[in-house]
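Pasting the structures here.
You will see subunit A twice below: alongside subunit B first, and alongside subunit C after that.
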Partner chain A sequence: MSFFPHLLLALLEGTVAAAVLALSALGLSLVFGVMRIVNVAHGEFFMLGAMLAWWIAKMVPGGPLAGFLAALMLAPALVGLLAFATERLLLRRIGYDPEATIVATIGLMFVIQQLALSVFGADAKPVAAPFTYRIAFPWFGFSGYKLFVVAASVALLLGAWWVLARTRFGLIMRVTQFDRETATAFGIPVNQVYAAVFVIGAALVAVSAVLIVPIQQAHYLMGLDPLLMSFIVVIIGGLGSIRGSVLAALIIGLADGVISMFFTPTLASIIATLAVALVLVVRPQGLFGVPAR
Partner chain B sequence: MSVRIILLHAGVILALFLMQFLASDYVVLTFTRIMVLAIYALGYNILFGYTGLLSLGHAMFFATGLYGAALGVTRFGLGVPEAMLVAIGLGIIVSTVIGAVSLRASGVAFMIVTLMFSQAAFLTVLYFGDYTRGDEGIVISDEFRRFSLFGLEADLANPVLRYNLALAFLALAVAVTLAVIRSRAGHVLVAIRENESRTAMLGYDTARYKLLAFVLSGAFAAFSGASYALMFAYAGSTLASIQYSIHPLLWTLLGGAATVLGPVLGTALMFLLVDFASGFTSASLLVVGVALILLVLFFPKGILGTLRQRYLPWLP
Partner chain C sequence: MTDTRLIVPEKKRISRRSALKLAGTGAASLMGGLAAGPGFVRYAQAQSSEPIRVGFQVHRTGIGAAYGRWYEQTTNAAVKLINEQGGINGRQIEIIAEDDATDPGRGAEVVEKFATQHKCDVAFGTLFSHVVMGSAPRAGELKLPYYVVSEGHHVASGALNRYTFQPGITDVKSQVISMAPWIAKNVGKKVAMIFPDFAFGYDHRDYFSAAIKAQGGEVNALIPIPPTETSFTRYFPQIPADTEVIYHVMVGPAVLTFVKELGEHFGSQHPPLFGFIDSLEAVDLKSPGLEFLEGSYLWEAYPRFAGASPTAADTFYRGKVGVDANGASVADPADISTYSHMFGCWETLYIIKQAMEAAGYQGAGDKAKLIEATEAITTIPEGNEHPQGDKIFNGKIHQSFGHQNITQVKNGVGEVVYRTTIEEGLYEPEADYTKMPL
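Moving on to the complex of A and B:
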C-alpha cells in the first residue's frame, strides 16, 4: 500500500478510536462536572462492561446479534447498579471530598480488578461482532461494524447533549453543577441528582465498552488505558465541559490513530501525555474550561 | 527541638538496630526492604502530608533513581557511591522539571497530571526496552555491587551490611524530614496546606515553596529507588508502574499523614500485611484496595494521626 491509503486507514481507525474515547470520557466529564469528583475506578467500570458483554454474549442463545443486543441492555444496567452502590456506600459517606474520593476509588479500582481476575481469569476474551459486513475500498476492506460504532457514539453524544441542554433533568443537572447550595435552597434533591449522574456516567462508559469489545478483546487489565485517555481528553477539553471533551477526543483519537499507524502505540501515548503538559502550561484550565471561581 | 522528640526518633532507630541480633534472616531481609521503601514514603509525606499536594505520579522519581543507579553501574561503569549520587541528582533534575510544569495545575488536575506524567515515564521505560529490559528487568550482577569507600571494601550482597546501610539511610531521611518540617520553610509548607491564598497574601512565594516540597520528595524517591536497585540487584518496569505511585500514598495514609514516623510505620504494617495475606491469596492488590477504602471511610487520619489527636499532641 502506498502512503495515501495508509493515511486513510489511519484516519478511519482514528475516527473509531475518537468516537469510543469521546463516549467513555463523557461519563467521566459528566461526573466531574456535576459532582466535582474524579472517579479513578471509571476505567474499571469500562472493563466490567466489556467483561459482562463477553459473559452475556456467551450465555444468550441465538447468535452474535442477540448476544450483542442483550449485552447492550444488561451490561450498562449491571454496571450502573454497582455505581449506585458505590455512590451510596462509599462516596456519600465521605461527603464527596475530592481527595478522599480519589483515594477511595483507587482502592475500588484494585478491588474490581482483582475480583475480575479471580472470577473471569487472566486470558483475553473475544466477542463476535453482531454483523460482519465489510466495506470494500479499492485498497482494503474496512469493517462495517466499526463504522456502526462511530454512528452509535455520535447518536449517544447528541442524545446526551440534548438531555443536558433541552430537558428539565438536564437543567437540574446544570443548576447543581453551577451552585450546589443554591440548588439545595431551591428544593432540588441534590443527593438524588448526584446518584443519578454517577450511575449515568458509569452506564455510559459501560455502553462504550460493549461497543468496543467486538473490536478489542475483553481483559481484566484493559481499564487503565481508557482511564488515562479519558483523563487526557477531559483535561485538554476543560474539566466539566462536554463540548471541549468531544473536540479533544476527536483530536486525540485521530492523532493517536495516525501516530500508531506510522510509529508505535507506545510512542503515541507518550506524545499524547506530553501534549497535555503543553496545554496545561498555556491554559491550566483546559481549552474550554472556565477558571475556578 | 524538645528532648522527647529526639529520644523518640533515636529510640525507633535504635530498636531497628537491635532487631537484627534477634530476628531471623528472612525478617532481616524484609525489614531491609521496608526501611528502603520507607524513605520513599517519608519523602512523599513531605509533599502530601505537610504541603497538602496529592501526587499520583511519584513512581517516576522512584524509577529515575532505580534506573539511574542500575544503568549507572551496569552500562556506564560507575561505582556504587557515584551511581547513588548520579541517581539522586537525576531525581532532583527530573522532579524540578516535572514539578515546574505540573504545579501549574492545582487540586484534582494536579493529581491527574502527575498520574499521566508517571504513565508516560512508565511507557518510556518500556519503549527503551533494549536498555531497560522492560518487564523482565535489569539484574545487577554481584561484581557491580562491590565497592570501596574511604579505603573500606564493601559488598552489597552481604545482608548484614545491607541492613545497616538501609538503617543509616532511613535515619538520615528521618533526620532530614524532622529538620525540614521544624524549620521556617516547613511551617510555610503547612501554611500552604491550610490556606494557600492567605499564605501568598502574607508575602510568601507559595509557588517556590511548593516546588521545594515537590523536589525534596522527588529526591527522597530517587534516593529510595537507587538504594533499592543496588541493594536488591534488580530494576524492572513493574517498579515504575502506577501501583508504585499509589504505594507511598497508602503507606502514608495508613501510618498517618503529616506525622514524621507515620510513613515508616505505615510501610512496615502494609508490607507485613501483604506478606501475611500472600500466604493464602495471590490477590495482594485486593488487600491494598480494601485497605485504602477502609482507611478513607473509618480512619482518615491514620494510626499516628489518631494517636496524636487523642493522646500525644507533641508528636511531630
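Moving on to the complex of A and C:
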C-alpha cells in the first residue's frame, strides 16, 4: 500500500480508536471528576453492558437493528441499576473514602467478572451490527458501522457537555465537584448528587459498550482494556474535564492509529503510557484539570 | 464524611462473637466431614479396583475457553464410553479436571496439583502451546506422564522431556510441510503470513517459511499478532500488494472479529486465502460478514462438515460427542464445535488406554512401564477409537503423524478437496526421548 492510502487508513483507524476511548472514558471522567473517587470496576460496567447487549440482542426477535435498539435502552438501565446498588450498599457505607473505594471496587471488579463468567460462559459472544455497510475506497474497504460509532460518540459527548454546562443539574454537579462542603451548606443534597453521578457514569459506559461491542465481541475479560485506557485518558485530560478527556482521547487515539500502523501496536501502547507518566510529572492536574486545592 | 446512617439495622449486624461462633461451627463440621466423609473412605477391596485418575488440564477460562469447553465435552464422552466398555485393565477412569486459565504459570501449578494433591496416574488434555511449554517441565520433574493435545512442534522438537507425549494430534511442522506443496501448486507462491505472536505461531512461521521455500515459493510478509488483540485492521496494510496467498492462522476469542475485518478491508478483491481452521474454530462459517470466505481454502485436521459420505467411525464419534453433521452441537445448532482439534482428546484417551493395557498398568509404580509402552506404539488404525484416521506414532519423538485435509468453502459449507497421505507430513526426527533416563 502506498503512503497516502496507508495514512488515510491510519487516520480512520485512529479516529475510531479516539471515539472508542472518549466513549469509554466519559463515564469515568464524570465519576472521577465529581466524586473524586477511583472506580476500578468501571471496566466491568463496560463488559456488563456488552454482555447484556449480546444477551438482549439474542432475546429480541426482528433482526440486528431491533436487538441493537433494545440493547441500547435496556443495557444502560440494568447497569445503572447495579451502579445504584453499588453506590448505596458499598460506596456510601465506606463514606466515599478514596483508598477504601479503590479496594472495594477492586473486589467488585472480580465479583462482576466471575459472575459474568459463570452466567454467560467464557466464550466470546459476537453481536451483529445494526447495519452492515462497507465503504469501498479504491485501495481498501472500511466498515461503515465504525464511522457510525464515531458519529454517535461525538453526539454523546456533545450531549454530556450540554448537560454539564447548560442545565441546572449540570450546575449542581459542577458545584458539588468544586466544593462539597459549601454545596452542602447551600442545601444541595450531595449524597443524591453522588448517587446520580455514579449511576449516570455507569449507564454512559454501558451505552458505549453497546455501541462498541459490534466491532469487538463480548467477552468476560474485555473490561481491562477500557479501564486502563480510560484512566490514561482521564489522567492526561485532567480530572473531571470532559473537554480534556476528549482532547486526550483524540491525541491518544490518533497517535495509536498512526503509530501502530506505521510502526507496531506495542510501540503505540508504550508511547501512551509514557505520555501519562510525562503528564503526571510535568502537569499533574492534566491538560485541562484544576490543581487540587 | 459525617453521614453515619446504616443500611443494615444495628442488631442485625454481625458481632465479632457471633462471627467466631459461626466460624467455629463451620470448622468443626468441616473436620467431621473430612474424617467421616466419602473422600476418606478407603477402597475395601484390593487397590486394583480404584479408578485410574486422569488429571485433565483444561482451558475453562482465558483465551482458550472456546476450545476448553469442547475439549471437556469430548473427553467426558470418551471416558463415559471407555468406562461402559469396562474401563482400563478392569478399572474405571476418573477425570479430575482443573482449569489452567490458559496461563502457563497456572498450568505448571495445575500439573503439580495433579501429581501431589490428586495423586493422578497421568495428566492430559492441554491445548495452548505456551501452557504446554510452561507445564511440561514440571510434569517431567514430577515424573508424571503428560499427554498433550496441542499441535505445537515443541514435543517433537526434543525441547521437552521423556514424560511428555502428543499421540492424539499431529504437530504444526508436519501439518505445514504437507500443505506447502499443494498451496504452491494450486494457490500461489508469494505468501503473506498472519499468525499469533507466541510459540504456536512461531512454529507456523518457521516451518511454513522453510516448506514453501522448498517449493520455490517465498514468504513476502510476516505479520505476528498478539493473542489478546481485539482490533486487526491496523495490521492489514503490512500485506504487500503482490501477495498471491494470504495465509492466516489465528486463535483466541477475537478470531471472528479478525476474519470480519479481513473481509471489510479486502472486500471481494482479495488475494486467495489459505487459512488454518484455527482462525474459524467455534465460528459459524455462515456468520454475517464472512461471505468473503467463499471459495477460500482451509486446513482442517478433521473436517467439520461430515459431507456426503462420512465414515462409520465419524458418524459414531459425532453421535457420542453430541455434534451434528455440520460440526455444531446437537443441542444448539448455533454452537459450533472446535471439531478439528477436540478429536485429539478422544484419540489420546484411547492411546492412554492402549498403553496402560500393554504395560499391565497397576498404579504409580508402573509409570516407567507406561512411558515405555507408549513409546512402543507404532501404527494406529482408523476406527471408532481413532475416527480422524489412521496414524503413525514415532516413539522417539513422542509424536503422531496423520492425514491432513484441505477444505474449500462452498456456499458457506466446507468441502474436502484434498486429503494428504501420512507420508506427505513426515520429517526426519530431530530428537530421541527414549535415550533420556526415566
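Simple rule for what comes next: the second predicted complex is superposed on the first by the 291 of 293 C-alpha atoms of A that agree within 3 Å, B and C clash if a C-alpha of one lies under 4 Å from a C-alpha of the other, contacts with A are read in each partner's own complex, and residues count from 1 in each chain.
Operating definition for what follows: contacts are C-beta pairs under 8 Å (C-beta built on N, C-alpha and C of every residue); 3 or more make two chains touch, one makes a residue touch a chain.
Source: prediction; values computed, not measured.
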First (subunit B), second (subunit C), both or neither touched by A:143: second
Touched partner set for A:261, first subunit B, second subunit C, both or neither: second
Partner chain in contact with A:126 - subunit B first, subunit C second, else both or neither: second
First, second, both or neither for A:21, with subunit B first and subunit C second: neither
Which of subunit B and subunit C A:213 touches, first, second, both or neither: neither
Which of subunit B and subunit C A:228 touches, first, second, both or neither: first
Touching partner for A:117 - first (subunit B), second (subunit C), both, neither: both
Which superposed partner A:93 touches (first subunit B, second subunit C, both, neither): both
Subunit B and subunit C footprints on subunit A, overlapping residues: 93, 117, 266
Parts of subunit A lying in touch with subunit B, wherever the complex brings them together: 32, 36-38, 90, 93-94, 98-100, 102-104, 106-111, 113-115, 117-118, 224, 228, 231-232, 235, 239, 264, 266-267, 269-270, 273-274, 276-277, 280-281, 284, 292
Contact set on subunit A toward subunit C in their complex: 1, 6, 9-10, 13, 17, 64, 88-89, 92-93, 95-97, 117, 121-124, 126, 128, 132, 134, 136, 140-143, 191, 215-217, 219-222, 225, 257, 260-261, 265-266
Residues of subunit C defined as touching subunit A within the complex: 1, 3, 6-7, 60-62, 65-66, 68-69, 226, 229-231, 233-234, 236-237, 241, 253-254, 256-257, 261, 264-267, 282, 287-289
Interfacial residue positions of subunit B with respect to subunit A in the complex: 54, 56, 101-102, 104-109, 111-113, 115-117, 119-120, 123-124, 126-127, 242, 246, 249, 253, 283, 285-286, 288-293, 295-297, 300
